[in-house]
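Please find the structures below.
Across the two complexes that follow, chain A remains constant while its partner is chain B and subsequently chain C.
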Partner chain A sequence: MLTLRRRSLGAGLALLLASAAAAAPSTGGPQTLAYVIANFNNAVYETQFMDECPEGPAIGNDEMWWRGLSRADKDKLTDNGLVQPVDRRFISVLRGPKGEDVCWNPTVVKEPPLRTVQGSVSYGFNLDGSNDDRATPKSCPHRNFVSERGAPGVDNQMYRLLGCHYGWRRNGVLDTFGNEERRNSGRGVILMEITNVTDPRNSPEVRVAFYRAADPFSIDATGRILPYASYRVDSNAGKPRYGAVARGRIVNGVLITEPIDAKLPFYANSAFAEIQLRDMRLEMDLTVSPEGKVQGLVGGYYDFDKWWEYMLKIEFLIATGDWSCPALYTAARELADGYPDPKTGECTAISSAFKIDALPAFAIHTTPVEARR
Partner chain B sequence: MQVRVAAQRLRHTVGWSRLALVASLCPVMTSGTNRRLRWSCLAALLLAPVGLCANDPGPPVRFYANLTPEEQSSTTISPGSGRADFELDRATLRFSWRVSFKSLTSAAIGAAVHGPQRPGTNAGVQIDMGGKRPASNLQGSAVLTDAQLQYLLAGRMYVNIRTQKYPAGELRGQIQRLPPAGAGKTG
Partner chain C sequence: MMPVRTRLGLACALLLGAALLTACSRSEPPTKGGPVTVRRLTEAQYRNVIADVFGPQIVVAGRFDPIVRTEGLLAVGASRASITPSGVERFAALARSIAQQVVAPGNRELLIPCRPAAPGAADDACATKFFQQAGRLLYRRAVTADDLAGPVRIARTAALARQDFHAGLAYGLQGMLTSPEFLFIAESAEPDPADKNLLRLDAYSRASRLSFMLWNTTPDAMLLDAAARGELADADGVAAQVDRLMASPRFTQGVRAFFTDMLSLDDFSTLEKDSLIYPAFGLAAAEDSREQVLRTLIDELIAREGDYRDIFTTRRTFMTVPLGMVYRVPATRPGGWAPFEFEEGDPRAGIQTQLSFVALHSHPGKSSPTLRGKAIRELLLCQKVPDPPGNVNFDRFNDPKSPNKTARLRLAAHATDPACAGCHKLMDPIGLALENFDGAGQIRLTENGERIDASGELNGFKFADARGLGQAMREDPAATSCVVRRAYTYAAGRPIEKGERDWMADLEQSFADDGYRLRPLLRRIALSKALQSIAKPKPELSAGGPT
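The block that comes next holds the complex of A and B.
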């Protein structure tokens, strides 16, 4: 009898609490959510046996260089194979006809066509709104992908370009190094702030701002980035140095933004670089994983010149990432599919997608006086 | 989806030969009892091959290497040449090879897959293919580790034939993926 009474009491209390929680009015007005982006990776769709690259991985600079040498030079310049590619990278890029650096002069030599992704599935967005491969007012002809969920019309020619390169794949190094460097240096940290959130699961109209954090990541003793840390927005005279703002909505816990042209701060592989995306959009599941992270996908047309500038800045990693500038540059020019130049018709941007994961955080807006302190 | 999963489970649990027996008994087992059960039984049997296809890891991945003295990291003067063909079974990671070579300067003393390394420099043995006195038309297989699979797919493995005159290696060839027939050439 006592047990039954206790059970009834417990059930009643639980019901009361549940109904109280459900009926609880939101305290105050709309909320603000903030996140700090921990990892920013090229969205590369990989199968276990690399079937998306039926010709195998792209051939890197070192192999191109070595095969172009005379037998005597092979022996001499590599000390009969004892000098590793990473140690000979400074001479292996000087393979233009007059000894030019082939990254700074990618058209001085002609190379076999780049091995690109031939698979049909990719992460990404339908950026040009078209499901077929024909040109649109904002795109050049290109082969679309299907998303991993089966949606047609996915534009991600950056994946087609980079997806067969060792350096950009899961076991490669470029994005991994980049993420670690940002974590350890605190440079180029992207802070996102979502305002006007009426309900974290469903908000019809929110505003999403992308800032650069003025503070490094807060990390624990094991090197993990701590959630719910505070980061100041990098500002000058009260104005954020970066501050692209997109309109968006939250549907069933997923944040979806409308396209904007944006510059995002970025630092990776010892290089400061801005990611300049046109028609940038974000889709991010705001459900926090057991590791304390949320995951999302950023997509847009990456300005070609900005992208190549970054590639030149990380040239010193050419042997580690294993790409070849002339083949990569030529293929990138051919695959560029966004924003045709009105005069030449050549596309000036390349469709891209990036997988991100972020941690809940607090964005602190400082006044000019506070910032000076 | 649920039917396909059910079909897969049925095939896994029962096996093909027993499945045939069950198929023949299916109408008998359910006769006059429950029509829904009978139809479910037959549908599962009909869809079992779909389940089989869903489990099919796909055709083996093929690789090859052209073996020449020029591929060695240091000067190697030899009229020799050779060819290695490989097949990788997706389900078991069993890596099978067939290696032929000719016109070596001296007797072969080793044939192995090395890695991880690119052309123009060297790495240690990953898979010994031929023992101490390998002869041409070598055949054999080994199960790859996950790391070896990654080296292979990344183009970081090579075949090396060692001889008495060139104990570090007389013929060498980087292992490359053989595109399946009809695979588009990139540009």
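The block that comes next holds the complex of A and C.
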């Protein structure tokens, strides 16, 4: 049986109340902090009047389908127009030449080009280390952004791809529902553990592990996720099922990790989807907000096939998310900017960034016997 | 006849090991006895009895009339409790529900010791057998023919009317469960052959006192058998039964019941916290914090057989995830309880720093040094703090525009009122030591941006913070005296009598001699002559006397 001690008032409270991190017990040496990710959103930089999308919002599947129908077909297929888009989504995706599902067969029809983000500012990281738009050994030619703080070379083609869809913008159905569903189901909960913290404000060398929690979120009566809950690390035979580890440092209370290739557990919109990121990095301000959260940014090259696999799993949301598979797929292939295939030269990953909200928590490592309980 | 005290000493010397000799060898100061009591079953006792007699599968779903805490204990209040008309209705509804479950298919095969000659007809012989068996445990004594006549008659009448033996049996059992013989633990006394000036509890009453003291439930068959054989009139027989009861896992249930009463943990049933201010302190945390202190006490005092005084300084406890979110510490066994120890130097030391104390004795949205100080005085030191005057004015304390940012400063302003100052001097210097815990018991260093000064004083012992308060309580003789007095009062179900002062002093000294360990204390009380001594009733006033 494991018995833990909590840190003393002097060090422990300074840690708990100043940085307000969840400090696992220690006997005076380096400390361990842990956080559970509550919200995981595509980092979409939005202006007040949607200036970044000068052509307007992306055209959704229903409109594409509608445009191709004769008046007689419209009457016939929609009960004289009374069937709402959300209810006709099942037939509206079957618009290939032979009635194929255009999500599973996105190249069988040709659609107008996707309306993509044309703005110059984005959240994200400089993943390829280059400030210009030319190809590098790990990237295809692409248009860089500048960060919201003016730093050049920001790679976030996923934003360019998705940023003009209402479904992915602030309060859009996809990330919002995804977060809510993850909160309520307790599936795909990402647990971060930072070890070797010598000082929660400045630590020169820490290690950050990304686990999947074996326990659901602890929530209060109103559905809010509560901080300082304990979560078991999901393990098999004593080995974490997920456990990517990055080196990093804490500078003035901000955690910055070095790039690693990582798989993150993920569940949203009734779909389990592993997020597979190459050159993944994290920047997270460890200062806890009055609401009890810390905020950060995760970035990396998202494996294209893994991403599209997720899109297929959430096809049932195509009407509420309002995207069209052929246009999206074609644009994604064109915008993919990471890790060119040595044979074809086509990039196999797309630069991405995600905003995260996390809460202080405790990561509990159990023995195989304890895990079975 | 050999005096009881001498026989007890001899029996102990012969039968018990060295560890228990200390508890037995001390001669017990004489007392003048107390009154017999008639105690209403508490809710916990009622539930325990039903589970013990009919099994834990019987659901006891209902509410109980509250019992007024008296002399610091519900156990004493129970001896002054009556049953209101609505309470009668509730007990009747409970009895109906329990009886129907007992005779229901699936349970009847286990709980009814015979099969009726015809299931659609009355069977007096089978009904009598059942009521004899159940009645002995429910009434805590041998059942008489009179006891059985009523239920058997009701069972017969109802069985004939319903053409169902088991339906009839349920009606008879319902009658037993609503009988005062069941709902009240009515003691009776008999002449004490060792002292012509005293009475003593009869055997069955003594069995009940021992069982409810040590198990918080009805005497089991072995204890009733011992009573029936007259063994409880004999010191050896009593010792054998007390040791059996204390060796049982149920002893833990009894100790938990005692501390639930002593620490007023029943107040958790009405505890409310503002979820906007304290989102982490939900229902689960409240339930777990009640359980946490009981687990801590059982671990320290029973499992480890530790020094009672250490409960005010111990850093050992148990943790769950809901508690961990309030304490902001890890719970190593999500979904269950795990041992936990706060680090040396942590302000959490002693049960008075656990949520069960600091959250329970606070307001829904803020801490209360006054409530906490009062609770320490009354619950842990057995010192009565006068109730506040009816016209007390809290305006100055509650003024949101007050320049006094901390409770210490606001209380200082409030206590300038001479009518308030006297009592606040008793409570505030203690309660302010716990101000590093907010109204939900979460640690804080500041209040309204002002650093909290948690220094204080207890009976001349000055301290800087909550840990210091724990040390002060550990060293305060009132704390050990308090648990001794509470334990005896709890066992007897009545306040301490004037004639028991020497006995109390002796009990306190023996508690100290035993290293302030709880088990020897409870054993000494259980075996004591004082617990079974009953004062002879005063002669009734003659007609024409004062009315």
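By our rule, the second predicted complex is superposed on the first by the 345 of 373 C-alpha atoms of A that agree within 3 Å, B and C clash if a C-alpha of one lies under 4 Å from a C-alpha of the other, contacts with A are read in each partner's own complex, and residues count from 1 in each chain.
As a working rule, contacts are C-beta pairs under 8 Å (C-beta built on N, C-alpha and C of every residue); 3 or more make two chains touch, one makes a residue touch a chain.
Because the structure is predicted, anything quoted here is derived from the model rather than measured.
By the touch criterion stated above, A:Phe362 is placed in contact with chain C alone, chain B being left untouched. Look at A:Pro57: by the touch rule set out above, it reaches chain B but stays clear of chain C.
In the superposition on chain A, A:Ala221 makes contact with chain C only, while chain B stays out of contact range. Applying the stated contact rule after C-alpha superposition, one finds that A:Lys110 touches neither chain B nor chain C.
Judged by the touch definition given at the top, the superposed model places A:Ala229 against chain C, while chain B stays out of reach.
Those residues of chain A whose C-beta lies close enough to touch chain C in the complex are 1-10, 12-13, 16-17, 22, 24-25, 27, 214-215, 218, 220-222, 224, 226-232, 360, 362, 364, 366, 370, 373. Interface residues of chain B, counted against chain A in their complex, comprise 58, 61, 70, 72-75, 88, 90, 118-122, 150, 153-155, 176-177, 179-180, 183-187. Against chain A, the residues of chain C that register as touching in their complex are 275, 279-280, 282-283, 321-322, 324-336, 338-348, 443-445. Listed in rising order, the residues of chain A touching chain B in the complex are 48-51, 53-57, 59-60, 62-63, 66-67, 71, 74-75, 78, 80-85, 113-116, 118, 166, 169, 171, 322, 331, 334.
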